[in-house]
Each structure stands twice: as structure tokens, then as C-alpha cells.
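Structure in C-alpha cells, see below.
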Amino acid sequence: MGWISDVLRAIVGTIIIFSAVAFIAVMFGVLLERKISAWMQSRLGPKHVGPQGLLQTLADTIKLLQKENIVPARADKVIFASAVIVVPLAALLDYVVIPFGTTRSGPLIFRDLNIGVLYFAATSSLVVVGILMAGWGSNNKYALLGGMRSAAQMVTYEIPMGLALVTVALVAGSLSTVTIVNGQARLWYIVTQPVAFLVFLVAATAEVNRVPFDLVEAESELVAGYFSEYSGMRFALFQLGEYGEMFAMAAMAVTLFLGGWRGPVLPPVVWFVVKLYALIFVFMWVRWTYPRFRIDQMLNFSWKILIPVSVLNLVVTAFFAVVAHR
Amino acid sequence: MTQAAWIIPLLPLAAFVLITAAGPRLPGRGAYVSIAGIVLAGIAGLVVLGEVIGGARADVTYTWAVLGAKPITVGFVVDPLSAIMLAMVGVVASLITIYSVGYMAGDPHYPRFFAYLSLFQFSMLFLILADNFLFIYAGWELVGLCSYLLIGFWFERPAAARAALKAFITTRVGDFSMMIGILIIFLHTGSLRFDEVFKSIQGGALAGPLLTAAAVLVFGGAVGKSAQVPLHVWLPDAMEGPTPVSALIHAATMVAAGVYLVARTYPLFLFSPNHAALTVVAYIGGITALIAATMGVVEDDIKRVLAYSTISQLGYMMLGLGVLGYTAGMFHLITHAFFKALLFLGAGSVIHGVATNNIKQMGGLAKLMPWTAWTFIAATLALTGIPPFAGFFSKDQVLAAAFAHDRVLWALGAAGAFLTSLYMGRLIWYTFAGTYRGGDPHGQAHAAGHAPGRPHESPAVMVVPLAILAVFAVFLGWAGAESLGNPFEKFIHFPGIEPVAPNFGLLVVSIAIAVAGWAAAAAIYVWRIVPSESLRQAAPWAYTLLVRRYFVDDFYAWVFLGLGGAVMRFAGLFDRYVVDGLVNLIGWLARQLGLGLRYVQTGREETYLLLVFLGVVVIVVVRLVW
Amino acid sequence: MPGLTHYLVVSALLFSLGLFAVVTRRNTVAILMGVELMLNAANINLVAFNKYAAPGAMQGQIFALIVITLAACEAAVGLALVLAAYRTLETVYVDEINLMKW
Amino acid sequence: MTGEAIAFYILAAVTLGSAVVVVTSGNIVHSAAALVPGFLGVTGLYILLNAEFVAGIQVLIYAGAITVLILFAIMLTEGGTGLGGRQRNEQALVGATVAAAMAVLLIIVATRTGWTAGGGTLPPYTPGAIGQSFLRQNILVFEGTSIVLLVSLMGAIMTARRED
């Protein structure tokens, strides 16, 4: 039974990802965020724990683990607790189809699903459910409002993202991420599909609720949005989910548009990480540069600009794909 | 051009669509578009005629649908018969359309008129080109529709609306008969294409009395459309339409379609046992020729006189076809189209000038409207068969063929010819001779924009078509002149029918008859040797009979309104009490049932769904246990 | 090795659960959830038959996809109706939505 | 017990267990939340049945979209409480009986019928193959579905929007 080993591999792989992402990507990501924001605001950022504050996030994590798990008195306890699982789980599931690089035995990927891109869209859409559950389960009006905003935003921006994904899949002729990366051997798709890249980047920013789409957790309006009531390790898990999702989006952008692991001289994994962090930097740059959207602006932007543009892009691409096949 | 003849009908159709869509915004408010369409079609028709004379033929078919195993093919045919019709319709319709610009000037519905005219031209050309019963029937109905629309063009006048309905319904009787005939033919021969049908009839697929019946039924359509006895009653009333319409539809083209139909399906009639179908055609034609002429004698409305004349002349054509004078009938159709169109257009010009239809209020117009008068007189001479005008040649050929075939028919035709001269003479003298009697306050303006007052000559746009038509009316007859070897006969003849040998004695007799008619008219209306009043008093019953049109209209009214009304009243009672009673009973039962059952309805989908699945469970359990 | 029958049994149970929800629930949204369960049961059948009864064909999966699409339509319209009804009647309980009953 | 069988039973248990929660829970939000594992269990069954594309769509549409829609509707209608009184109508008992009878009958029919196993090898159900099938053999259904989608989109918007 070959597929048992597949299942085992997937389970083990997810665990590895879990720890890897949790410990390296997310922690480093949080630190990076703080450092970059500090740099942009002419501050120093965390500096005291470890060399140059490198261990600051670790210390924070330890602190969070020690903290009490507060559950609001009239909260829906089952929902409140299970939302914490859904959000990071959905984020981590994204990584199954992301090719990190190549080894001698083949691409470094957990499962090269033939529906890879679809899988990515599906799992990333699961986050909404967790956010809605968290918002509702907290029995807190800020949390509920944040959850509703988030759901509206993510459902809305899933559509242009999906259209961008479809456009790339159309160009590559496959939904498999490895095939898509291989298709960029000569030319990155960012060159042929700049519109799709921009649409994807904007939609991804909205999907992970980052500035300028952070009205879900707009501090001045909603405290912390859907995870206002969460504390301790549960808060940490939400952060893990958020950053995990952001990294996943960046990784997918790299895979779809920036040629994945491809690059000269350096080993593939290194190239992948370099590109990934370049995009992460862009996300953070944007975060500390732009003001927040209003909710109607946010919705209008997707429905009236992004979706028409991406549909048009898809149609034009499809036309050229057909013409090219003739 | 011959192979592309299907383009010809499309030109007026395009004009129709264009006028319907853009109407008053077009140049000339649609008139120029209409003229362009028909003139181009006419030129194309003449080219086709030339090519056909040169030997070209075309018969193009397409498979349109498959009915069971029988393919229904459609297409068009270009042979001498359709080519000559194409050319005739094209020329006459072009001239009439140009004439209409002047005649209809100032009418508020000017574009609509030209749209209808173009639609009619399309339908007529389409009918002519048809190579199968389906197309000819379609064209048949289309021209009927256009006739209805154009008779009722001034539909705000009750008389026009009634006349349009009458025309439509009366011809419908004939059309229905024609449809049954076509169905019989299709049933027995399995085809609708003329050549295939005739081939299988020759092969005996349809023979004996049934063939005769089919031919007579098809002829029924021609009776309706060509206003033959007993379906002639609609044509005089159709004169309520604008005069160009009367000229185009009710004199030159559409009414001739019936004759064309008989000519086109001639083998159908020819192969019927003992020429029974042909005999029917001949007698209907002969009787029509005589009866319509008698009614024309007492009519005072200038257009109605011409309408009776048209009916009568159509009778001659039918007579010609019926007595094996295929060429004669067709020749008469062509010449008649020209001079009768001219007569109607001249009448229209007269009406335009004097604003009345009543010939008793005219008079002396020869001096006031010289162009109209002289062209009209030329056409009249053609109609009455005075040599060397066109009608002389054609009518004489018809009579010669009748004489050779059946003396009774010849007698009918000859009597008709005498009466033709009589009523036309009466018309000419009342209208153009003497002094002007009009200008009375009761003369009602017939068409919008026709100012009463002193009669005047019509504008050039109306007179020029008259002159052109007059040329045809005067000279066209030579195409069938025996002395020139009868080129028309060379062109159009039915294979297997020998032309009747020229009979010089008969020729003299027929000229004598025509002249006698003129003389009689002169005696009554000019020299007043026997004034018409005294004739009226001498035989009041005859006068009444004629004025009341042999009581045919009254008979129809009695049959359909009186007798039919009684049947309808009975049917109405039956419907009210028996049919409605049954319906009400069923409704009452359903209502009682519903009142009882409504307690089962909770109005909740859960209950219904539950019951549905309960039913499913019960059924499956029953099925499993069994 | 689970065979066709296994899947059919699962689908039958899922279908019956959905039916139970549709028949007994008062809340319109819950009824819609029951409908979704029934549609899922049908989809399991379609895909299972596709694999076991007609492996060469693709119609089972195609139909499952269409059912999913139509389920999305149904959910969108159904929930819009629920919202509209709630706005006018201030209730989502089907037995209280009785404005049109005699 | 092969691995496939284990996976099947786990997935079936997850699906049916979630479905039971969906059906019986007195809290409508719990029902809606329980739909997610239920749909994911069905997804797993699809993967076991080699229908990977259907599985992906199932997650995207059912778990990702329909569940969110349902949660939205609940939160917009119940004012966020989810505890609006009696959830079950008076025909609960009859309904349970009929549903149980239905289940028993369906299982009896499913097990008794001698299903004929179709021949042929399992083709790879790739997205490409499914797309080809949609656009070649099943184009009419495909177009019909598109029209239904469009109509329901407009219908939903027209029904749900405020009349002002």
C-alpha cells in the first residue's frame, strides 16, 4: 500500500512544517516586522533579548505560554476553543503544495497535487470559518464586528485571487505548482502576467488582513478585532495563523510569479527563501506606508476594480492562450 | 443574371425593410428607396428576359426540410413564363411606383404606403420565381396580405376597412381550396416541386377524377385571387384603396397571379381526363367575362367600371387557358397588364384632377387634361380590341382559340367583347367628351390633398408613366402579330399544343363586334338615339339586376349572415348551456373537492416532505415485502 | 478494502440525517443545512458510482461538480430569502412565516 | 484492516458525527460550525474515491463559501445569539422515525442490490480531463449551470438588498 506511506509522509510533513514554520518563519517574521517597522520609524526595535534582540520572539512565546487562558464568562466555549485550531490549521495546510526547492530526487514539496493551486485556494478560504467562529464565540461586539468584517473581506478578495490563480494556471496549462514553476524556466510569469501578479498581491494582502486592509483588527475601532478576547497561547496561535498565512501567500506568489526556486548559482532553496523574504519585506513596507481603507472603499475596490480587471486579464490571457495553441 | 434571379425579389424586400426601419428619414420619405428597389428589380427582370430569350434557363433548388422521408425542396425557376412575368411586373410596378410619388403626395402615411408597395413587389416577384407549390402558396398569401393592407390603406375610412376585410376573407375561401389541392398533390406525388409533380402525374401517380378534383381545387385559389365568378365580389370594393394600388395589384399583377398559377400548373389541368379541369376553367372564365362586362355597363364609379373590366378581362385569360390557348391567355395577361395599368393610372389622374369618382360629374376633360385623356383613350382602344392596339391581338387570339374549341365559349367571349366596347365607350364619353359637369359642392375629395376646383392636368411625375405605358399599350400587340410570325408564340408556348391557325373571317367578325360596341355606346350616349334613361325604363328589372350585381353580394350576405347566423346562434346556445355547463360542472366538482381537501393542507413544507418520504418508505417496504 | 456498498451506507446515513434536519428543524437556515447534507450524500453516491460502477467514465464527477455549483446557487438564493423574510417578518422560523396562509 | 479501510472508517465517523451534531444541536451556530468537519470528511471520502478535483472544489465551495454564507445568515438574522428558543417542530418524533426508516431501507437496498462493477481502468481524473469532459461531452450542462449561476446571483442580490 504505497499510499499509507503517503499519508504518513503528509502527517509527518505537516508536523515538520508546523514546527518549522512556527519556530523559524513566524517567529523570525514577527521579529522582522518589529525590526522593519522600527527601522522605518527611525527606532531601534527589540534589542535586549539575545544578540540584537534575536531571541525576543522566543521570549514572548514563553511568556505567552505561561499566561492564563481567559475565557469570557458568556462566551460559547466550544466555538471559542475550536476557532483557535481552525485558523492556524488552515494556514499550515497551505504549505502542502508549496515547492520550496529541488533536490536530486525531485522537487522539495510535500505533495505535488495535480490540483495544487485549487487546493491552495480551498485551504486558504477555510481561515474565514475560524475567524467567524472566533468573532462569534467571544460574545463581544468588537470581536463579532471584526469577524464579520473579516469574513466579508476575505470572501470578497478570494474572487480576484482565485481569478489570478486561474490565469496563471491557464498560462502554465496545469494546476500543479511544480509544473507552474517548471513553466517559468525561461521567463517568470511576473513578466507575462504583471496584472495578475498585482491583483494577487493586493488580494493576498487583504486575505491576511494586513494594512491597508486591516480594518478587521483596526485597533482604534475594534480593539483587536476577532481575537480581542483571546489571551495566552490562544493569542499566540492566532498570531501563528496570521503570519503563517502571510508566509504562505508570499510563498505562493513566489511560486506563481517569481519562478519559485529557480535562480542561478545559489542552491534552489536559498533562492526560494530570498524571494520569499523579499515579498515579505514588500508586505511589511506596505504595512508601514499606507493608511487604512474604509469598509466601503475596501468592498468597492474589490468588486468594482479588482474583479473586473482580473476577469479582463483572464479573458485576454485565454484569448492569447487559444491563439498560441493554434 | 439568370442564375442569380433570386436577388430580384430581395431588392424590394430590402427597400421594405429599410423604409419600415427608417421611414420618414429616408430621401423622399421612403419613396426613392422604394423606387430604387423596384427599378433595379425591373432592370434585372428585363436582363433576365433578354437572357431567357437567348436561351438561358435556371432551376435552382435547395432542400429546406425533410418531412418523414420526403425532402421538401424549395427553389426558384427561370423559364420563359416566369421571365416574361418578371419583366412585366418589374416594368409596370416601376412605373406605378414612380406615378405614386405624385399621386400620394401630401398623404400623412406616405412612407407606409411605399413600404407596403415594396413588400407587395417582393411578394409578387417571389411568387413568380417559385418552382414549387410551397413557395407559390407562400407568395400567394403574401400578396393577399399586401392587398389587404393596401386596400385598407386609408383604414380610417370605414368603407376601406370593410373592403379590405372583404377582399381578404373572400380570397381566403379560394386559398383554402388551393391548399387542399396542394395537399392532395403532395400526398399522391410526394413532392411539391412543379417539375417532379408533373413528371409523376405523367407517370400516373395521380390520375382520374382525383386529378381533376386537385386541379379544380388549385384553380379555386386562382378563382379567388383573380376574382372569377363566384368569388368576384371583392374586386369592385377593393377600389377603395389608393388608385396606384388598384392599378398595380388589382389590375396588372396580383389578380393576374391566378392566371399565372393556372399557366404554371398547366399540366395538372391538361392531364385531367377529357380536359375536364380545363373545361371548368374555360367556362368559369367565359361566364366571368360576360357577367362582369354586363355589370360594368351600369356602374358610375370610374374605378369600379375599370374593376369590372378587369374581372371580365381576367375571365378572357382564363377562357384562353381553358380552351388550350395557352399562349393566347398568357399574351392577353401581358398586354392587359400594361393597358389596364394605364387605364387605372389615367383614372387616378382624372380623380386627382376632379376629386370625384363619379363619371356623371366629369365631362369635357379631354381639353382640360389632354395627356391623361389621350393616353386613356389609347388604352381604351387597346382594351376594346380595335386594331392595331395591343388588346386587339391578344383578345383575338383568345377568341380564335375559343372558336376552335367550343362555340358556346366563343359566343360568351364575343358578347363580352361587345359589352366591353359598350361600357368603355360610355366611360369615355361621360368622362372626356362634352362639358365639365363637376365642381358641385357634393363632390367629395377622394384622396387627401386633392383640392376641388377646376380640373387640371396632373404633374409630370404622373403623366410620364402614363405616356410610357401608352407606348406599350399601343405597340406591344405586335409581339403577337401573325403577320410578324407571332414572336410571342415562339417564346411562350406549351409543348404539345398546336397553335390555332389564323382565321381571317373570325378576325373581321371580332373587329366588327368591337366596332359595334362602340357604335352602340355612341348611339346611346352621344347621339342619344336610344337614351340610356329609356333603356332603363324599358327593362327596369334588368337594370336592377345589374346595379345590384346579380344579387350575389346579397346572396352571400343572406347565406352567411342569415343562414349562417342562425347556425351560429344555435351553436352559441349549445356553447353556453352544454359546453359551458360541462366546464362549470367540472369546476364546481373541483371546488367541492378542494373545500373538502383543504384541511389536509398545512401549508408547511416539512409536513409535505415528511409525507412524501413516508410514501417512499411505504412503497419500498411494500416492494421489499412482496 | 471499503467497496461501493460502504460508501452507499455512509451516504444513506448522511442523507437520512439531512432529511431529519429538513423535516424537523424550525429554523430556515438549519433546514438549508439539512439540504446541504442531503446534497453531499448524493454527491458521495455519484462519485462512488463513478469509481466502482463506471470507472472509464467521468460523468459521476461531472455531476458532483454541477451539484456543488447548484448547491452554491441554492445557498445564495435561499439565504437571501431568509434575510428578506427576516427583514419583513422578524423571524426565521418556518412555522411563523405564515403571512400567505389562509 | 488496510490503511485505506482505516482512513475510510475515520472519515466516515468524522462525517457522520459532525452531521449528527449539525442535525441535533440546539445551538444553530454549533450546527453551522459542525458543518465544516462534516464537509471535510466528505472531502476525504472524495480523495479516497480518486476524485481529487471534486475534493478541492468541495473544500472551496462547501467548507469555504457555503459555511461562511450560512454563518453570515445566522449572525444577521439571530442578532448573534443563535439561541432563539425551540429549534424542533412538533413532528420531530414522526420525522425521526421516517428518517430512520429511510436510512434502514436505503442501506437494505444498497447492500442487497448486486452492483455490477464496471470494467475499464481508472483514468487519471485530472483537472484537464474534467475540463475537457465539461467542454466536450457535457457542454450543455455546463452552459446551463452557468445560466443558473447568473440567475441565482441576480436573484440573491435582488432578494437580499434593502428596498430604498
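In this document, chain identifiers A, B, C and D correspond to the written order of the chains, with residue numbering beginning at 1 in each.
Everything that follows uses one rule, which is that a residue touches a chain if its C-beta (ideal position, glycine included) is under 8 Å from a C-beta of that chain, and two chains touch if they have at least 3 such contacts.
Note that the coordinates shown come from a computational prediction; the quantities given were computed from them, not determined experimentally.
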For the pairs A-D and B-C, output the one whose chains share more C-beta pairs in contact.
-> A-D
Distance-wise, how many Å sit between the C-alpha centres of subunit A and subunit D, to the nearest whole number?
-> 27
Euclidean distance of C-alpha centroids - subunit A vs subunit C, Å | 32
Rounded to the nearest Å, the gap separating the Cα centres of subunit A and subunit B is 83
Rounded to the nearest whole Å, what is the centre-to-centre distance of subunit B and subunit C, using the mean of the C-alpha atoms as each centre?
-> 67
Sites on subunit B at which at least two other chains make contact | 606, 610, 613
What are the residue numbers in subunit C that touch two or more other chains?
-> 19, 23-25, 95
Multi-chain touching residues of subunit D, meaning two or more other chains, are 2, 4, 53, 57, 65, 72, 89, 91, 95, 98-99, 102
A full list of chain pairs that touch reads A-D, B-C, B-D, C-D
In the complex, subunit D residues that touch subunit B | 89, 91, 94-95, 98-99, 101-102, 105, 108-109
Note which residues of subunit A are touching subunit D in the complex, please.
-> 1, 3-4, 7, 76, 78-79, 82, 86, 113-115, 118-119, 121-123, 125-126, 128-129, 132-133, 136, 144, 148, 151, 155, 158, 173-175
In the complex, subunit B residues that touch subunit D = 606-607, 610, 613-614, 616-617, 620-621, 624
Mind listing the subunit B positions that touch subunit C in their complex?
-> 598, 603-606, 609-610, 613
If you look only at subunit C, which of its residues touch subunit B in the complex?
-> 19, 22-25, 31, 94-95, 98, 100-102
